[in-house]
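The structure is given below, and queries will be raised subsequently.
First chain written, first letter: the chains are A, B and C, and each begins at residue 1.
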Amino acid sequence: MCVNKCSVIAVVNNGVIQKLNPNPENPKSRSMVCARGNAGLQQVYDPSRLKRPLIRVGARGEGKWRPASWDEAFDFAAQKLSAVKEKYGPQGTLWSSTESFQEVFFQNLAQAFGSPNLVRHPSLCLASVNLAYSTTFGTVPSFDLQNARYIIMSGANRMEALAMPDSVDLIDSVSDKKARLIYLDPRFTVTASKADEWYPIRPGTDLAFILAMLNVIIGENRHDKEFVNTYCSGFDKLAEHVKPFTPDWAEAETEIPAKDIVRMAREFADAGHRAVYYAGRRSSWYQDDFQMRRGQAILNAIVGNWDRLGGMVPNAKVALGEYLFLPWDDPKAPRVDEVEKNFPLANKGDGSYLKLRENVLAGTPYPVKAWMIHKQDPVNSLPDQAKTLRMIEQMDFVGVIDIQMSDTAWFADVIFPESTYLERQDPIEVMSGIWPVVVYRQPVIKPLHDTKPTLDIAQGLAKRLNLSQYFDYTIEQWVEAQAKELPLQMPLEHLKKHGVYVPPGSPKYGTTLNSEHRFVTKSGKIDLYSERLQEAGYDPLPVYRQPAQPPPGRFRLILGRKAYFTHGNTTNNPWLNAFAPENHLWLHPSSADALNISDGDKIEVASNVGTVRLKARVTQEIRPDCVFMLHGFGKRSKWQRLVAGVGAADTQLLETAWDKVSGNAAMHETFVKVRKV
Amino acid sequence: MAHKQKRYALLIDSRKCIDCKSCVVACRAENGVPLAYSRNWINEEHRGAWPKLQAAFEPEQCHHCTDPACVRVCPTGASRQRPDGIVVVDDADCVGCRYCIIACPYDARFFREDRGVVEKCDLCAHRVDRGEVPACVETCPSKARVFGDLNDANGKLRDVLAKRNYRVKKPEAGTGPQIYYLL
Amino acid sequence: MKTIEWGFLIINYLFLGGLSAGLLFVSALATLIQKNAETDYTRIGRYGAMLAPWPVMLGCLLLVFDMGHWYRFYKLFLHFRWLSPMSIGSWLLMAFSSVSVVYFYSWLEAEQRERLFSLLPRRLRFLHFLNRDLTAWRRPLALFGLPLAISVGIYTGVLLGAVQSRPFWNTNLVAQMFLFSALSTGCAALILGLLWKSKELQAGEIRSLYLLDICFLFLEFFIVLPYVIHGQLSVQAVRDSLQLILGGPFTFVFWVFFLGCGLLLPLAIELWETVPALLSNATNHYGKQLAALSALLVLGGGFLLRYVFVFAGQMSSFK
């Protein structure tokens, strides 16, 4: 029901799933199941689920479908894809997906087909923070919140945007007063209510705060000198760089009092190895986000919390076997988002979704005319919905693999209904982290409807695309090959019985803290100063640029989460929808008064790319210069009856912008007008 | 050795409650409660003036009181208290007069229109009898809830209650509620 | 989740139960007081007896259909739980109904009995053995009926008053308040009954009923007053609950309609009709319209008292 994929044990009576209980053996999911996990069975028994393949009749978006056999659906899709390949080359097809345990088969199909254009969700989410940390440390670490003693978070509303085990560990550490939490957020979220200190920081100024922290810590010589000397590179340049960023200067930028910045810097440094500046997960905020996260990484580095108890720990993994399938040739054409050229340091496999869309709309560097989508809802999830719809219009073919009639499926030409996670066998997965675990997902009931797992769908398409030789295996064979490498007597039996395999020996701290270890960075050490960035033409040390402020009469639209929804795909789940049947625009009372808006009034919200209407929620729990709305409402798909046309879609308002270095979407750069209607 | 009578109770650390609603959905799934009703709920309190704001969340359900008014007023005895303290409703004997709903100081009970009987949290007695904990306790991400036996001198409840200050809700109603909220 | 569980079915039942209790009480009182066969009280006794069983039976029907499982009502009689006012009440109503029906029967004239039994179908003719003159039973039944009527009148108040979680109800005055209101509605119903049946008002009857009702209304008034005054001097929860009638949604209904029109106005009318005559020792001609008016006002007041209490009580709670 979300990316965490907590382990559950299904209680099944007479072939009907009654309940999903937590599997206490998975250390990552910390023996719990949240509201979404509990509501998982509603996904299976959803009467408006996709139950059989559908082919569009009528115009795209009209919602007229006819049921089709799998053969017909496969034939249709394959014929369309082949036609596009014929005319535009395999690169004329776009394959977008969001992480799932069967995503690998979709991606393999795309690659076997010869298309370089695979795009996933990271450039809508965490591409900037991941790139920032890997640029600094050579890898993206996890945070040991269970043992940290001083935690600073910019946004990262962990108590509503549940990420495991971070959320559970944070709640535990903070509520039992083991750790002190400093939380910066323009919104008074649940995390703010539990934090020791909350600052309604001016949006986009977190880097100023971080630079001032560095200024104080380095200026007062409170950093971990031994660690810096042994493991870091470029400290002198850093020390020089942060000299001008005084707490007073930062106060003017951030609205956080200078004396508090000084105090927090000292407290942070004093907590030493157990002080962390939490990286956050979704970092799709501002166009300068990468540099802010770099600042965080540097701050973490100089207090020496790397690979230590209570600090940042590189992820431990478990080696799985691989099923050796026939390899295909690498695609010949370059990616349509020209990621090497536009974002040379970004992860090439993930690309930049928004840049990709721009190029596809412009038809450069070449046309893309077919779009296959797996477990993703670009129409509801990409900023600037109007552009996504135009992109669909340009397509000769749109095919969707999904469980429910998403907004994107609503505009597709053919829909392949996938079996839900409770109805299918998935590949074994490793969840890396401080407590790595191997998870095994087996079906607990037979598929309720005429649905198939993505592997079967890929195989069905492959057959008609003459790619069968790359998919000539069953899921069982795949899984068996994976399981063989596990250090167990009878690995599959163990996994079937326990659902997980927990390798012994975790958590491990300090595995990289030795002279032999070479960090995967330009210097071989932790790059405080990054030559790699400099060579690519970016600031090697974070340079603060004042973020644009909303013009008078406008507000910055910011986004966030609620603990009982997973982005956009659970708002139609009746058990979860009951908690928030519609979304509202949060407005500070002073802002609302100025516009003569009362709580519950219908209002119109307009940005440069769209206008929506929804109700106002007048609350003190947000900065006066910001507004907020929850994601996943105002849907177009009429099959999602609870949220179709209810509330409003934030993506209709969000403007296209991206972080300069990573190409990650920048979703907090939209300024909106609000008026009462 | 004499088998000591168990007395079950709930301990809740509201500081840990993040209003994630996991307990509400878990209860719904475990007990087949239709959407129109809820056996448990989260009370919220928002206080303060910008920028000094506070928010607090407090889970609540039937308190399984020591002197339950709902049991006392029931004309047929359908509403009864087990020896282990769990207050239950025997559907077969409930006539649906709803006197108990009115008598409860916590508004923990509700009337099932579709079944013509009164319903409420029963601490997942069916799970407890199997040696498990109530669904809400098991599922909570914050581990804000502790379920145990008050009569167990070495048990978790007594251990925590000895170390921490706590309060109960509406003690002035005089029913002897048994959800202990840690302070 | 706070809900209003008891509504108009229960309000009507409480009113009708109280009405029957009042009718039986006044009839029994009249029966017990009269020395010889032909006095002013005979008609009061008879009419009260004739009317008493029916309102409560209708009320019980409403009660049963208010239940979630109406066909399980018999379960109430499989248990006797003396701590549950509802359990005690069920048994009381059973007893009251039985006694009031026999009492009714004892007041039937011979021809009325004959007519009644002639309606029996042939199969049930064997029941003719019940066709007996029970006149002699009147006084013992009245004696037995008096405490039963008081119990039923009080119990409707206890039903509410015993609920500790509803501060609006949980006072020791509620039982008496409902009792005297019930007895007063009984008087009022009898006044209407007499008006209906006869062209002329018999001065003696009306005077007795008026005087009785004045007593009941005074008693009721001097219970309502301390209920409000002492409630306002009580703990927070009680004071908060009283806000429902001191500025809250039931303020107007309580003070203007219930207390004003339903209690003080009929009290004034009745005082006006009786006191001057009492003081000057003259014979009075009692106005029919005024009698009807005061009776209707009392009945309305009795209903509204229960209306306000049932709703307001369920809206009150400990914070």
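In the analysis below, a residue touches a chain if its C-beta (ideal position, glycine included) is under 8 Å from a C-beta of that chain, and two chains touch if they have at least 3 such contacts.
All of these numbers come straight from a predicted model, not from anything done at the bench.
S.K.: For this assembly, give the contact graph shape among line, ring, star, complete and other.
M.R.: Graph shape here is a line: each chain touches the next, no loop.
S.K.: Need the central chain here, defined by C-alpha centroid distance to the all-chain C-alpha centroid.
M.R.: B
S.K.: What is the distance in Å between the mean C-alpha positions of chain A and chain C?
M.R.: 70
S.K.: What is the distance, in whole Å, between the centres of chain A and chain B, each centre taken as the mean of its C-alpha atoms?
M.R.: 37
S.K.: Just the number, please: Cα centre separation of chain B and chain C in whole Å.
M.R.: Centre separation, chain B to chain C: 40 Å.
S.K.: Multi-chain contacts only, two chains or more: what residues does chain B have there?
M.R.: In chain B, no residue touches at least two other chains, as defined above.
S.K.: Report the residues of chain B in contact with chain C in the complex, numbered from low to high.
M.R.: 37-38, 41, 69, 72-77, 93-99, 101-107, 110-113, 115-118, 170, 172-175
S.K.: Using the touch rule from the top, collect the residues of chain A that touch chain B in their complex.
M.R.: 18-22, 30-35, 37-39, 41, 159-160, 162, 167-168, 171-172, 175, 188, 190, 192-194, 198, 200, 563-564, 574-576, 578-579, 588-589, 620-621
S.K.: So in the complex, which bits of chain C are touching chain B?
M.R.: On the chain C side, the touching residues are 1-3, 5-6, 66-69, 72-73, 75-76, 78-79, 81, 83-87, 90, 162-166, 235, 237, 313-314, 317-319.
S.K.: Once bound in the complex, which stretches of chain B touch chain A?
M.R.: By the definition above, chain B touches chain A via 13, 15-16, 18-22, 24-26, 28-30, 35, 46, 48-51, 53-57, 135, 138-143.
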